[in-house]
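Take a look at the structures below.
Two complexes follow with chain A in common, the first pairing it with chain B and the second with chain C.
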Partner chain A sequence: MKFENFGLGIVKGLSVAIQYVWRHALVTQYPEQRLNISRRSRGNELVWSRERCTGCATCAKACPQGVIEIVTATDMTENKYKVETYRVDTGYCIQCGLCVEACPYDALFMGYSYERAKYRRAELVQTNDELLESPQRPVSGYFHPDIAKKLPKQTLLIEKIVEKRK
Partner chain B sequence: MEPISAGALDIIQPTYWPGNYWWHWLFYTVVVIVFMLVMVIGAIYFERRAMGKMQTRLGPNRTGPFGLLQPIADAVKVLLKENIVPGVADKIVHFLAPVIAFTPVLLIFTVIPFQNGAMLADLNIGILFIVAVSSIATVGVFMAGWGSGNKYSLLGAMRNVAAVVSYEIPMVLAILGVVMVTGSLSMNDIVNAQNIPNILVQPLGFLLFFTAACAEINRSPFDLMEADSELTAGFHTEYSGMRFAMFYLVEYAEAIAMSAVISTLFLSGWRGPWLPPWLWLIIKTFFVFFLMIWVRTIMPRVRIDQLMGLAWKFLFPLAVINLFATAIEVLAWPDASQWIFVGVNIVLAGALVFLGSRLFKTGLGRVEV
Partner chain C sequence: MTTTQELTLKTEPFILNIGPMHPSTHGVFRMRATLDGEVVTDIEPVFGYLHRGIEKLAEERTYTGIIPFTDRLDYLSPMSNNLGYCLAVEKLAGVKVPERGEYIRIITAELQRLANHCVAIGAMFNDAGAYFTPFLYMFRNREKIYDLFDMLCGQRVTYNYMRIGGVSQDLPEEFLPAVAKFLPQLKKFLDEYEFFVKQNEVFVARSKGVGILSKELAINCGISGPVARASGIKHDLRRDDPYSIYDRFEFDIPTAENGDCFDRFYVRVQEMRQSVRILEQAIKQVPDGPFRANVPQVIHPPAGESYAHIESPKGELGYYIVSDGSIAPYRFHIRPTSLINLGALRNMVRGWKVADLIFIFGSIDITMGEVDR
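Showing the complex of A and B:
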């Protein structure tokens, strides 16, 4: 005979519920505590390196959305192209990463940061210096396994994150 | 009964107060109102934190240290909001409903002893007064349902009336068992007579009373009248601002009041070692409230026919049998040790719950509408 139908079911449920009181909570106190995203994460905003870029525009040709706009001028003294404008409309970017794969000089990366929401549509169009790598815009490991190795390990929810005391 | 020194008792007897009863009345009125507001704020915080813990969440922890100010922040927010009255509402009824729902809860606390004799009024029919007065809150809820001019409000209120009318019966029968064992209707005498807490002497009575009380004050799993997945918010759908705050207050105040009644009737109220009596009452009240939270966390909401079936087919027969068994024990062996009845009653409670569960069926007696 099963006693679950005679009140034991409720007792079992109660005992399960009370066990969870002593477990740590599976939630993150978001602004103070952040989880590391996966090393294999593709990332979002493009990070562009002015030093390595030769202005060949391979990325612009590879882009299926056509959001990369690149304007170059010839620098006769150094005998190379000088990039005058490198503009990406991230509002249209689909984060496919084809430009990163296409770049023959490793001058383009996907970004690793994830809090890149903007207040204005115009802010999504990023030009020149806005695209450079900075502490707020680290590069992701997409198509660059050597970078991926150096990224912090992904934190999982089951790893203990203590409640922040105020 | 443990002897209480005459000096301690003199202070709390109303006749010894200056100005006779008036200062006593004023003091305990203020104490009851402040006690209840503080307890409600504590209860809201405690419930949200405890439920969060059981669901591997944290609960509110942003406002103030450990989120302790969250209920106050919520109260301020809801008080500052606009008070919207529907155009089709019965204005006077709509206006009076929260007040009528709120007052009885305060009245319950007038007869709950915080110490030996420390209460607003030591009525010799204390528990009867509680049963009578706590039902008035239902009138307020029904007025809210009717006055809102909204079908969901009315449905929720009708469900509440049905639940309260049904669950009043097993609840009163469970109380009668306690009254028989202790031999008094006065809350203070009931506490004084409990050398063994009544939860041991009347285990089935405690379970019945707890279930019926949960249903009476619409705690989950019996929160059918504000079943948000079916009736938006039940009777307080059309309430906003301060009057909604009143209903929210009533919900928790009723839970606290019922917890206090349960701890007085079954857990020997203010009696306990080491700590001061009022602290014991608060601790026991919060313990019973924690039981309600605990049950709320694990149980899904029942259907309306299951709610009615549980009252009439399960709780009512068990309460009657429990009452008869208690009456026989009290009449046949008045001088026997209570500890014998503790054992007998626990076995009886187990057997009756088993039998009742075995015979309990819902879905019979179909009504075509």
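Showing the complex of A and C:
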């Protein structure tokens, strides 16, 4: 085994390492400092709009995992289907977003929220009112460019992002 | 008398089981290595710990519904997997992709190649014993690429971005300026990385001449990608069988001659430079217009079969689809790069020590999601 230029590689490595002392850090101290997530973020929940939904079940057909369950009934007073049950088993959902893409009436959105872990498996199955939009369940701009424009701009690592910790 | 007895002791090969839960096996790969002292005489790879039956599951899904599953094959380069699958379906259904869609696909696929090689090189140094420093230098840059993908499609790993006939959503306004800003940073980083790693005595001593894969063996085993190019085979599907719009860009195919671990590292670094070159040309040429052909979400392609292959970051990735005219494929088969590249591992590691076995295995760059499917 030849050892030409022995020592040079180590000197080079150390010189690079020393340069990193003056560069800005890329990590953030998570619970205190937060970065803005993507405007098109596919968070871990689906948000459903009861007013716009017609119960056509296009989302259920588009779902590759088959986690969306819809039960409809004919409402004789109005000329439309009444959605009795809209149930999503979030535990089986793979957050692919195909249901949001398929919905012809803009009644389904990906969630913008994260940190929504649950303690029990049964709490992941969300039905009707649990799926509606609320302050804890904001709506993401995935496949809805008009919503995406209103959300804060995503922080990118290629820009200098980290503020001094207070 | 006692010394002669010791010398004529009966010895037998020692079988060492490595994996499936082992930090250096890149997933759930298991090797049964037969050792003579510390020298590896034979290994037997054992697969199947991550088998999810994606080929069978795909037979019950619509053509669009399979795209999220292709993300989960090679989870270090999902965009390339999406691209290969969409090309196969487009060939089957006769869909033409608009110009802007083609450019977006090329940009994402090349960014994905950069991200994949970041992991491949970083993990290779990890296996060589440079514990996590070169790995994190690479990951710092991969994270920048993942940020761009996050902006594009909303997730960092399973993108599900490409669709049959284009891509799912248009580029955000700030995407192309961000890529243009990222590329000089990456070039500067690659110079720096090569500067401190290429002449590092420990790395050179560990990698030069180790795990040589001869050209003949590489061809016989069907090896493709950077591993084959490091052995001197100038084969790249982007040049040899241009798919999408790769014939419009100028780029070189880096090759090396020795086929050892150092060459496999160096070919990957040079490939990253070529990807940067393609990206620099592509982001200047992106035209306006539609990004997606008017294809419904549920399609009925005519009965028949199609095969499309692309140069994924790891090598040749092929998708074979047989259609019977219904909404789901009759048969769906994947030509996985990682599994076929593993075929030469047994011949490459014979005669090397256990520490070299880990390093040679790391230099092939496999993903278990693709091996087991």
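Simple rule for what comes next: the second predicted complex is superposed on the first by the 121 of 166 C-alpha atoms of A that agree within 3 Å, B and C clash if a C-alpha of one lies under 4 Å from a C-alpha of the other, contacts with A are read in each partner's own complex, and residues count from 1 in each chain.
Here is the rule we go by: a contact is a pair of C-beta atoms (placed from the backbone, for glycine too) under 8 Å apart; a residue touches a chain by one contact, two chains touch by 3 or more.
Computed from a prediction, not measured in an experiment: that's the story for all the values here.
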Looking at the overlay, does A:62 come into contact with chain B only (first), chain C only (second), both, or neither? second
Answer with first, second, both or neither: which of chain B and chain C does A:104 touch in the superposed model? neither
Contact-wise, after the overlay, does A:143 reach chain B, chain C, both or neither (first, second, both, neither)? second
Determine, under the contact definition given at the top, whether A:16 touches first (chain B), second (chain C), both, or neither. both
Looking at A:25, would you say it contacts chain B, chain C, both, or neither? Reply first, second, both or neither. first
Looking only at contacts as defined up top, I'd like to know whether chain B or chain C touches more of chain A. C
In the superposed arrangement, what residues of chain A touch both chain B and chain C? 5-7, 10, 13, 16-17, 26
Contacts from chain A onto chain B in the complex sit at residues 5-7, 10, 13-14, 16-18, 20-21, 23-27, 29, 163-166
Inside the complex, what are the residues of chain A that reach chain C? 1, 3, 5-10, 12-13, 15-17, 26, 37-42, 61-64, 94-98, 101-102, 110, 140, 142-143, 145, 148, 153-154, 156-159
Residue set of chain B touching chain A in the complex reads 50, 52-58, 61-62, 64-66, 294-295, 297-299, 353-354, 357-358
Which chain C residues qualify as touching chain A in the complex? 61-62, 64-69, 133, 140, 143-144, 147-148, 150-155, 158, 160, 168-169, 172, 174, 178, 181-182, 185, 192, 195-197, 199-205, 297-298
